[in-house]
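Naming follows writing order (A, B, C, D, E and F), and every chain is counted from residue 1.
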Amino acid sequence: MRAARGEIAAPLDIALVGVPLDLGATYRSGARQGPAGVREASRLIRQINPTTGVAPYRLCNIADVGDAPTHPLSVEKSVELVEAFYRRIHAVGAAPISIGGDHTVPLPVLRAIAAERPVGLIQIDSHSDTFDEFMGTRYNHATFVRRAVEEGLLDPKRIIQIGLRGTRYGDDDIVYGDKAGIRMITMDEFETLGRAKVIEEIGKVVGDLPVYISIDIDGLDPKDAPGTGVPEPGGIMMRDAQMILRALTGREVIGGDICEVVPSLDPSGITCINAANLMFELTCLAAVVRGRKKSQA
Amino acid sequence: MRAARGEIAAPLDIALVGVPLDLGATYRSGARQGPAGVREASRLIRQINPTTGVAPYRLCNIADVGDAPTHPLSVEKSVELVEAFYRRIHAVGAAPISIGGDHTVPLPVLRAIAAERPVGLIQIDSHSDTFDEFMGTRYNHATFVRRAVEEGLLDPKRIIQIGLRGTRYGDDDIVYGDKAGIRMITMDEFETLGRAKVIEEIGKVVGDLPVYISIDIDGLDPKDAPGTGVPEPGGIMMRDAQMILRALTGREVIGGDICEVVPSLDPSGITCINAANLMFELTCLAAVVRGRKKSQA
Amino acid sequence: MRAARGEIAAPLDIALVGVPLDLGATYRSGARQGPAGVREASRLIRQINPTTGVAPYRLCNIADVGDAPTHPLSVEKSVELVEAFYRRIHAVGAAPISIGGDHTVPLPVLRAIAAERPVGLIQIDSHSDTFDEFMGTRYNHATFVRRAVEEGLLDPKRIIQIGLRGTRYGDDDIVYGDKAGIRMITMDEFETLGRAKVIEEIGKVVGDLPVYISIDIDGLDPKDAPGTGVPEPGGIMMRDAQMILRALTGREVIGGDICEVVPSLDPSGITCINAANLMFELTCLAAVVRGRKKSQA
Amino acid sequence: MRAARGEIAAPLDIALVGVPLDLGATYRSGARQGPAGVREASRLIRQINPTTGVAPYRLCNIADVGDAPTHPLSVEKSVELVEAFYRRIHAVGAAPISIGGDHTVPLPVLRAIAAERPVGLIQIDSHSDTFDEFMGTRYNHATFVRRAVEEGLLDPKRIIQIGLRGTRYGDDDIVYGDKAGIRMITMDEFETLGRAKVIEEIGKVVGDLPVYISIDIDGLDPKDAPGTGVPEPGGIMMRDAQMILRALTGREVIGGDICEVVPSLDPSGITCINAANLMFELTCLAAVVRGRKKSQA
Amino acid sequence: MRAARGEIAAPLDIALVGVPLDLGATYRSGARQGPAGVREASRLIRQINPTTGVAPYRLCNIADVGDAPTHPLSVEKSVELVEAFYRRIHAVGAAPISIGGDHTVPLPVLRAIAAERPVGLIQIDSHSDTFDEFMGTRYNHATFVRRAVEEGLLDPKRIIQIGLRGTRYGDDDIVYGDKAGIRMITMDEFETLGRAKVIEEIGKVVGDLPVYISIDIDGLDPKDAPGTGVPEPGGIMMRDAQMILRALTGREVIGGDICEVVPSLDPSGITCINAANLMFELTCLAAVVRGRKKSQA
Amino acid sequence: MRAARGEIAAPLDIALVGVPLDLGATYRSGARQGPAGVREASRLIRQINPTTGVAPYRLCNIADVGDAPTHPLSVEKSVELVEAFYRRIHAVGAAPISIGGDHTVPLPVLRAIAAERPVGLIQIDSHSDTFDEFMGTRYNHATFVRRAVEEGLLDPKRIIQIGLRGTRYGDDDIVYGDKAGIRMITMDEFETLGRAKVIEEIGKVVGDLPVYISIDIDGLDPKDAPGTGVPEPGGIMMRDAQMILRALTGREVIGGDICEVVPSLDPSGITCINAANLMFELTCLAAVVRGRKKSQA
């Protein structure tokens, strides 16, 4: 993405990070190759957002700080290692934009950057990830939202989930979300409301306070993202995702991630290309926030 | 699809069947691998329909009864073997949901389950399959609808075909459909009417009498189903297919099939994933009918 | 495409041509295999357009005249060779429908067929190709429109570009287009206007005078065309392209091309299948014009 | 293969032919795409054999006469159509070098070119194709040798089969071969004898009389030919095949074929590349015979 | 593999088992799809070994008992579940032939079937798997041999490892093997000795006592097995593996496994095809032992 | 390859370099993605050579200095840019080990590092690259050896070429090689001599003076390297290449390259894996030379 490789050291406004972790995945694994695949695909990205006109590299200091350390055989140790790495990023004042890794990744990230106060969450995903336990463990790719709410990292009233669908095991996750006050937009509601209304709804839920954006690539339709562990037919299109993200320009975005990209499951490579472009959109959003602060300073 | 492997024996409400036959295909073959590919992909399916809330395995007895026998070198013998297999399924009172095989498959299925009276047909397909002869033979993947009407298995006034498109050889098929009273919705009419109107139209055509659903996977757009023998650009999206099928919940669905899935032509695997999900939707539709009858009994 | 292989000799109305050239490509190469890939995929095409009913082979003489000669190591020499080949086609009075090759191809084509007077241009593309220099050279796949305007081959007021998007290096190309009076429809404007309005707009810009149609396959969304050098997420769908082209039936189409198809980057083959179908649509458009003239003669 | 496309008309010495037939295949189909795949791959072939120095296009007239007609739904009709096509080739005095199609293809070829007297056969194959019936039919890809012997087209004492292996159903085929006097070299014997001895053995069996060469691509090891219907691990290497064929230079080769190439099962393309090179070797062998006769005339 | 699906119940001589576990893999994951991929590929296998003539299904009772249960997020729990499953197999007196899963799998298998006394081991592998700890854990795909020796399940003097190669981290594993008396044959020694001598050496090491055979598919050359987590160039060929295994006919084989097959990394499918054939060879070896016992009883 | 990313600055002993250039390729392009593909694959490489025991990172300073600059549209400018980059490497006293790029790459490399005196060349390749002109240009992937000899960079008596094969256009290249005194070993001679004799021959030709090693990946058999522009069946195996290179340990290796790797043509990835391992072998060879000098200093 035209970002220089760099160290975690001030002055750094935005840190691009890879998290090669897939031990939290329960079906098809391989997301640990996500960072490598998306880095390669990101070579197609140029400097200016074609719609918003945002030129992030002109607005602030951006560096690819490399991959967070992980343990190849232990999800628990990996979560600790990742959290420590993001604490360093947070300590120098940089906003992290990450490429996973499975959807266990946001938990250690939020522990590092949202410890001061709960933040909002915009989640594009086909699954709500609000199970209490999944397959008998509490830390995996289907529980991060619930854990983060419990730990006070996320404000459930400021969480909005878009694209939920996919056959289900039971109702535990949905019931939890309802009780907690999470705004869940299923694909059916998405179609009923229409994209424009969904964008409005997002604005209402997250408001002007700090918000984190987490994109499980399986939130997209499988034709936009065949390279993922649990593809769920009938999702949002890449075009929808672009419009939703661009409409957030100016919001208080403190970081974001793209997870569950499994390059080996997509020989055409469009999953990585789409993921790289979504990372660029997230980077633009964070750059506007950072640029505004710098110009105010 | 979380269905236990089972025998054809009462009490069985729904039989999931594979039909590894592709001798009726005229262009790119390989659909005989369809059942294996879709079975593997179906491991992603869980128990509850996310939209309709239907949980088919709770409503009735469902088993994967394996593959119907076919003859690897003779389409005629295969058609006989398949019909005999489905007669056994029909005899124990089960509704078949099948994965083909090429689009010759529905003919022997209908001979087994619609012999008592003509039924309606909802067909998602890019071709109308109403040729009289095709390449000099009368039994192949481009003639099943016409044969079934002639044999009194289908009521032409209760046939609706959705997604017709694709360059043509001549007008024989379309003229036949018009005369017979088949409701043909081309892609252009689909776009003009809009999905909601098409759904209404389906309801009007099939009414409350028994109906069979046949999905040629090439009815979907090639980006949703690249793994098929005769891909035709510009078709309906997976999302459309899901909405159309779910809107049929409660209709008198007596069986259904997905045909023309050629796994070897789709290295990304989304054709099989989409086909498995469509099978689940068909299973939900049949389960509601069966469940209603059981609760009435 | 069911066209006989033929010589460049009268009476010939439409010449189908391959241009195996990719030396003008700046990122991922391989478009020189485009003609071979699309020819193979074109075997799926039959004789009648399903929507417009146009049967081009009945309206006029159409032949596949083979590949234009190119030089495998020099873009300059290739451009000269290609121009000479198209001059021969133009000399016998045939309209060329081409499959590239990278997007350098339209320049020599226009030099051969638009030398008499400037023509209009309908361009489906994610990039405007109006750079003055790109990477220090003036003849490559990002400059053809500007060169053709400068050389008096295109009338900038009758150029319309559809689908522009993709991150940018700078503003040189867009500023040029604005000044020259080119009508540029970005993807965002496409979404705001809606497809029907875009079609109207095209009609207004090109009017009834001669027009050339150039389709960079990356104008399509990457899920419709993963096999291309510079895929840009969030483009127009194949369905949109079909509707746009069919709406042009009757316009004064003098030729057209599909460029930037890279078969090796698309293991599923849908890029070639879509490209072959678009070639058929272009052929239908040209055939209507030719047929009309012949019947008037 | 640098051969001009041509008609079946004298003076023609060697006819390159495609036979897009796979209705005789019992496991994975798709060989009907073999001719298209190998033609495309043959573009890599230049004019001179690097080892033998044979330059076939200088020695005699060679043309690609296109594909033999086949019936897409009937193996019996296809066999008749193919035989008729090869009779035309034989009538103008040309030797056919063919790319199939499944291994039913040699039977109609031999009927056309060996009707005058039985000929010898060098067969590279993992299966002996000497079943009497296979799956209840007598004309398919596992019976051609037996049928041809019965019809007096092949002299069983001058048949040698190389590379036999693969798990078996029973002993019918092997027992037949033994009784008929066919020289069968299993892979185990190949390894015990060594390649040089096998080459000697071939010479002894076929002698100086006319011989036909039939290569089932599954005779090669699957790593050399993954794109085939019934891959059998542990076969001969491409290098072995090249050495065996080149050692036949000067023998009375009257034609040959490569069968069972299924391009869709080999995304890397090496099956087609190897098949194209083997066709070139066969062409060189036939060219030497023809060239000798012409120089003698 | 033509084996009926069956229960774990006497009389059962050989149990074919899948172990969908890959949590012990440290580089590219995906081996949990190995059983599904190899089952599908095994449909090509017929009933008689072409070389040894062994027809296992005639000699004894063989059933595919399905997949061992695993825990998708915990390697420790998975190891326990797998061991328990194999204890059931062992209890009914059946020999297990398994398809993994990563190379952690043999440890729980040996715990179940070798608890009575240490057994010998023939290991085809590019890595010796004799690390004490690997990445800080003791139970993973690089330590199983050492653990099994420590637990008294394997007799180190009767272990022979074939195909060792691959760049190394250090000498810990090799030094351990030397001290323990394991016979390690690197690829270089394999080439120096030649295949025939290696086969002799295997006989000497394992003798006539019970022996288990474990094949890490990465022991094969990557061109025979590209679908694996850690491919190491320059390994043994499939043909070598077949000859080595067939030479063991008559030895006291008590079970065996094939591990580290990752179908998603091999779009051509030859890894699964080779693995299925190796499973058949292992089955033949075990069947001879079982058949002999039955005929003696 | 476990090498840190580094700058071109002393003390640096070995520089790993990518050269993303493919404008000199005449058939299938895409080698410009070679460096990215091989870097990714090199993550599998560990620190110690399993056969020679060489641990290059302990012997000397090694860094990945990134990609040489190239011009995406001009082979001439690219050659100049590459030469300048390698002059910088040579100036700090480092030996370059490169991953191309097409086989034009060695010319600018040799201009930078062999300007002082002609050096020897070990070339593994299926083509001799000794054309005078190819397709009318003098600087491309088929002429580098001749140009380098003419410029006094290579001593033709100390050039040895291994693996030559592939059909030919004419004899210009071979005749040149013979006259110049180049030792050309065709595949046929390779087979006749046997690998051990070839290794001896290499030693005789290159002696103890400085030698450069250039590997065109198409020198390998296509099953070891399907991902290349001009695959030629029947080449040397990866195992042969490893044995040949390891036998050179101690020779005065001053640099080396691997060229013509086209990742997009190899969906299985083994071309990149093999190329990465060959780079490691080259690095070991150069490291021994460097380590010896350092210990002598």
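Rule of thumb we're sticking to: a residue touches a chain if its C-beta (ideal position, glycine included) is under 8 Å from a C-beta of that chain, and two chains touch if they have at least 3 such contacts.
Values in this document were obtained by computation on a predicted structure and should not be read as measured data.
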item: Topological distance between chain C and chain E, in contact steps; value: 2
item: Required minimum of steps from chain A to chain F, each step between chains that touch; value: 1
item: Numbering shared by both copies at the chain C-chain B contact, with half separating same from different; value: different
item: More contacts between chains, D-F or C-D; value: D-F
item: Candidate from A-F, B-C or C-D with the same interface as E-F, over half of contact pairs in common; value: B-C
item: Angle (degrees, nearest 5) of the CA superposition of chain E onto chain F; value: 120
item: Approximate Å spacing (C-alpha centroids) for the pair chain D, chain E; value: 38
item: Chain E residues counted as touching two or more neighbouring chains; value: 27, 43, 223, 265, 267-268
item: Those chain pairs that satisfy the touch definition; value: A-B, A-C, A-E, A-F, B-C, B-D, B-E, C-D, C-F, D-E, D-F, E-F
item: Residues of chain D touching chain B in the complex; value: 22-30, 32-33, 71-75, 77, 134-137, 140, 264-265, 267
item: Of chain C, residues touching chain B in the complex; value: 44-51, 223-224, 238-239, 242-243, 267-270, 273-274, 277, 280
item: Partner chain C, residues of chain B touching it in the complex; value: 27, 164-170, 186-188, 191, 221-223, 226-227, 230-231, 233-234, 265-268
item: Complex contact set, residues of chain F against chain A; value: 5, 36, 40, 43, 267
